[in-house]
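First chain A sits with chain B, and in the next complex the same chain sits with chain C.
== the complex of A and B ==
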């Protein structure tokens, strides 16, 4: 085959695609070559010179990280000559490296330390004073730079330039005087700055939150999922003594987050270690919240809720597990006897939830994150992805900048992604339905009038881009369907767009962009008014918004799990007033939130870091979260709280393990059929294509 | 009132300043490839690259400020510090080094009254630069004063050259 070449490395033959780098071919043969600047996701640069190998025909050693393979090439890696070169390179790097490993955060998990141990010289011949710089230099409030330790591999600068496209850091000066710097007075404020810390092969870039907090060898690692947005990035929770969460690191999953995390997710571990975590249930007595036993608290809560009966309501959370949300709606419906269950208190337009539910049930949303980069055109509607789902922003940047794909970006404001779009469609707020209908008309070739503030030629260009593609990814914000006026029409237009494209033999995948880590899951497991698990229609119930609106009249008791309406961005006052009208407010949370302050019963629950369960992300991939630290005080997992409350009420909630709840879900929700912890595995399981 | 006048004067001075830069940007075109010629012209105008002008150039060329800063610090020809009217470059290439240029450096420093780490005199008249090989090795040790190469220098000859410069400057002042 012309696109493949065969070469020999250390006497072993291997055939690889043309353009493969020597180091990658060696890796395939299991031959280890030490590296610093090379990274699979970054363009090769050959800066550190560590990966030198001998290639026959070349008079001098070559850097294997930026040399491409050639037919008949003969490479030598495990020879005394190459080993000598590696040793010399390490000696060079260590000349200026301070070797302050005992006080360095990286010590214990440091590639420079590891490679020195494996390949380095036993001793240094350098007898002079090492370089000294002021340190650490804060590049931002989160990232600190220790210039003495830097070996100038430029991974950080390359990441910001190639992947994040937010080149706030750069290489200053030249040659021996090189150093990483920011523009004076302009801090390193990329959404993805934390990745540079993780990429740094030495302890030069440090996290201000992790610095001096723990040594790598006393850290326990737990595989989990970031709970901060709908992407569901794979993380490891690093903790000390099963008690303190010290940091989150990215866990590689090439179908979700690749090697990266956003700063919002990475640096958001502080609420877990909050010194004010609730450790005991609280019950309001004589107007004051006072500590109580679990039995007492649950009894009071149950009494209040059951007295309200069908006038009670339950609001779960898009940041709680499938298992917790499933049990929560089951408990509300079967034990309390109310149809008022929801996972959110967002205002939704009439009928939009039903339209969305039937679209989900018919698997209209079948988009996969990893296919964003495969499709030729991406249509992104109604979401400032860079802020809402930051990792998808990286996928889109990769598709547009690296692979030359087209982005059609529709959003009222000129968000970050607008500059990559061709075209950028800035429709008027509130005219989502008109705008999508215009786009759908253009795609289907029906005549239309521009009403939503977007120029006709821009819509025509967008429709041309979509029609000329072979594979189109449509991404639509859930809020565009549920919150926008006539959101149902948005969904209809989307279906129209998809059908028109399909009829032109364009492959289409549609993704629903949700903001919560488990919004999709919460809907799937039936925490929806009017829908049972698996979107089976049920008796009508009130939405979260309506429950708060009707507090004091139609609703007299509320059980809120893991949400804080009293600190809502837009409706704090109205919600606070509503909460005060209730006869019984039960709040289940890990700290005394603003909402909990108005509660009659506060139940201390676990954070995601203490919980076992599953999240279903925006592409409908079910992924596992695992408990990293021990439970704080007398707090309990959400599932345990509900099971206990149910059994106190005499209901038969018999689950001895979390997995049994998942089994029940998989038996009830068609899309979750066959899902078990084992079937999910470490990287999750995509559910969108299951019938 | 006085404050407002001062503010508006400051503003108009600032806009006048950027007018000049705008003219330079227009002359070369606002393309990434024009960055170096633009910076050269700016440096010619100001004898250094002021920070706020780098930001202005970055915005005009639609480049991240950090990229512009990287280029500005990479080349020795660019300076981020204000420079003196007269530039004294002492060559520190191998040939000049072995022909004892260090005595020239210390002579110039002393004559100009430069403290450790200082390279420009306080009156902004002179800047001492120690540069790598200027390619005049046959003339080693060499000193370049205001673009004119003086070969086979000795401490006496360099002092004389500086004194002549000072005399010419004084004559000009009168």
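== the complex of A and C ==
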């Protein structure tokens, strides 16, 4: 085979693809080589010289992380000579290392410590004064740098340059005087800065939130999913004594988040540890919220909700589990007797929800995150991805910058991704339908008039890019379909684009971009007005927006689970006024939110860190979250609260385990067939290909 | 049978009258302990009064009984407890669980914790057996007892 190379490492033969690095070939044979600067996701630079090996024919040792294999190459790793080189390299590194492991956050999980124990010198021969720097200097409010500990592997700088393309940090000076720095007056504000902390092979880059909070041996780790956006990055929740969360780390999942997290997700542990977490149910008595027992609170809540009957409403949450949202809609429909259930209070245009529901039910949205990098052209519509779904921003940057794929980016504002686009299509707000129709016409070769503010030649270029590709990823923001005027037309145009491309033998995958960690799941499990689990049509109900609009008239009681409309970005005043008109407002949340302050009954619930269940992300991958810490005070999981309320009302909600709820979902929702905790596994299960 | 009884009592009486007494009148009288006796822990200070402990939790990591809890914090301008960046904000030992093995003393990189021959550590409640940092830390400036101050452990 011309594309394969056979070489010998430590006397063992191995055949690998051409271009493989020596270190990767050795890894395949199970031969360990210590590294600092090398990382599978970064370009090799050979900065630290730790990975030296002996290759026959070369007079000097070679760095295995940046040397490619060659036919007939003979490599020696486990020889006294190589071991001596590793030891010497470590001795060099340690000359300037402060060795303050006892007070270093990395101590206990530090590659420098580990490699030194394994291959390093037993003692130090260095008798002089070590380098000194100020300890630690803040690079931003989140990232601190201890320059004494830095071993100049440049992983941090390379990550910011190669992966995030936000080169906020750089290497100052040359040679012995090298150090990492920020540009004057410009803090390290990349929204992926936290990854450099995880990449740093020593304790030089530190998280200001985690610093001194725990040593690695005091930490318990729990596999979970980031609840902050629709990507659903795989995380590890690190906690101490099952009592409080100390940090989130990225968990490698090459189909979702690779090795990375964004800063919004990584540094968002404070509400879990909030000292003001609700620990007891509250009931309004004489105008004041007062502590009550669970039974009392639930009885009051039930009475109020049932008195309203079909004039009651329930709003669940795109950040709560499938199980909680499923039970919530079942409870509202069967126990309270109302059709008014929704997962959001966003304003949606008439009929758009129905159109979206049937598109989802017919598996129009079948896109996979990992295929973004496989496709030749990416059409991104209506979302500032870098803000809405940060990790997808990294996937797109990888596709465009590293793999040379084309991005067609359509958004009214010049968002971050606009600079990678060819072309960038800036349509007018409110003219989403016109714009997508123009694009669809261009792709299908129908004549059209420019109405939406985008130049004709740009649209033509975009359609050329799409038509000349073999594989196209179409990503469309849910808001573009649901909130835009004539959002239904957007969907039609999309279907038109997809069909025209397919008729030209272009492979197309379409992805619905949702913002909540479980928006997709909430819709799937029937927390939708007018749709039962699995998008089965039901009697019409009001949307969340309409419920708030009709509060005091058509709606007299509301149960809100895990949402805070009284702090909505755009409608705070209107929503607050609406909430005050209700006869009964039940709020289920973990802190006393602005909304909860107007409630008649407040039910303390668990955060995701205390909860077992599943989330379904924007590509419709179902993933598990697991409880890391103990419940706080008398708070309860959402599912337990609903089960208890239902049984108080005499309904038959018999679930002894969360998994039983999932089983019921998998029996009810066709796309979830056969889904169990085991079937989901640690890395989730993609549901788009299940009918 | 009576004869045997008398014979046995005789032995008892003989010992009672002739052997040396081994019990002492505690607490009026106290036993001298062996030179390597180690009981209650003490957290030491530097000469200038700063705490030696840097809150590194290595003792807690070494402790086989898992009875030490350390929560660290940063020394700040105007609130300096120890030299360097880090100090122990919380330091607790559950004396009921401690087996007085001395591993903590062994693990400490800055010789901050030592076990002293102070064995009077009985209490009436379990909670009182959780020794907190202010109970463990050597008083400053005047160490009350010689035992606490002696660092040649």
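As a convention for this text, the second predicted complex is superposed on the first by the 691 of 691 C-alpha atoms of A that agree within 3 Å, B and C clash if a C-alpha of one lies under 4 Å from a C-alpha of the other, contacts with A are read in each partner's own complex, and residues count from 1 in each chain.
Just so we're on the same page, a residue touches a chain if its C-beta (ideal position, glycine included) is under 8 Å from a C-beta of that chain, and two chains touch if they have at least 3 such contacts.
Quick caveat, the model's predicted, so the values are computed rather than measured.
Engineer: Between chain B (first) and chain C (second), which, if any, makes contact with A:215: first, second, both or neither?
Structural biologist: After superposing on A, A:215 lies in contact with chain C but is clear of chain B.
Engineer: Is A:103 touching anything from chain B or chain C once the two structures are fitted on A? First, second, both or neither.
Structural biologist: After superposition on chain A, A:103 lies in contact with chain C alone.
Engineer: Should A:467 be classified as contacting the first partner (chain B), the second (chain C), both, or neither?
Structural biologist: neither
Engineer: Kindly classify A:181 by the partners it touches after superposition: chain B alone (first), chain C alone (second), both, or neither?
Structural biologist: first
Engineer: Of the two partner chains, chain B (first) and chain C (second), which one does A:169 touch, if any: first, second, both, or neither?
Structural biologist: first
Engineer: For A:135, using the defined touch cut-off, is the partner it touches chain B, chain C, both, or neither? Pick first, second, both or neither.
Structural biologist: A:135 sits against chain C, while chain B stays out of touch.
Engineer: Chain A residues touched by both chain B and chain C?
Structural biologist: none
Engineer: Spell out the residues on chain C that touch chain A in their complex, using ranges where they run on.
Structural biologist: 54-58, 60-61, 72-74, 84-86, 109-110
Engineer: Provide the residue numbers of chain A that touch chain C in the complex, in ascending order.
Structural biologist: Contacts found on chain A: 100, 102-103, 107-108, 135-136, 211-213, 215, 217-218.
Engineer: Sort out for me which residues of chain A touch chain B in the complex.
Structural biologist: 166-174, 181-186
Engineer: Would you mind writing out the residues of chain B in touch with chain A in their complex?
Structural biologist: 51, 54-55, 64-70, 73-76
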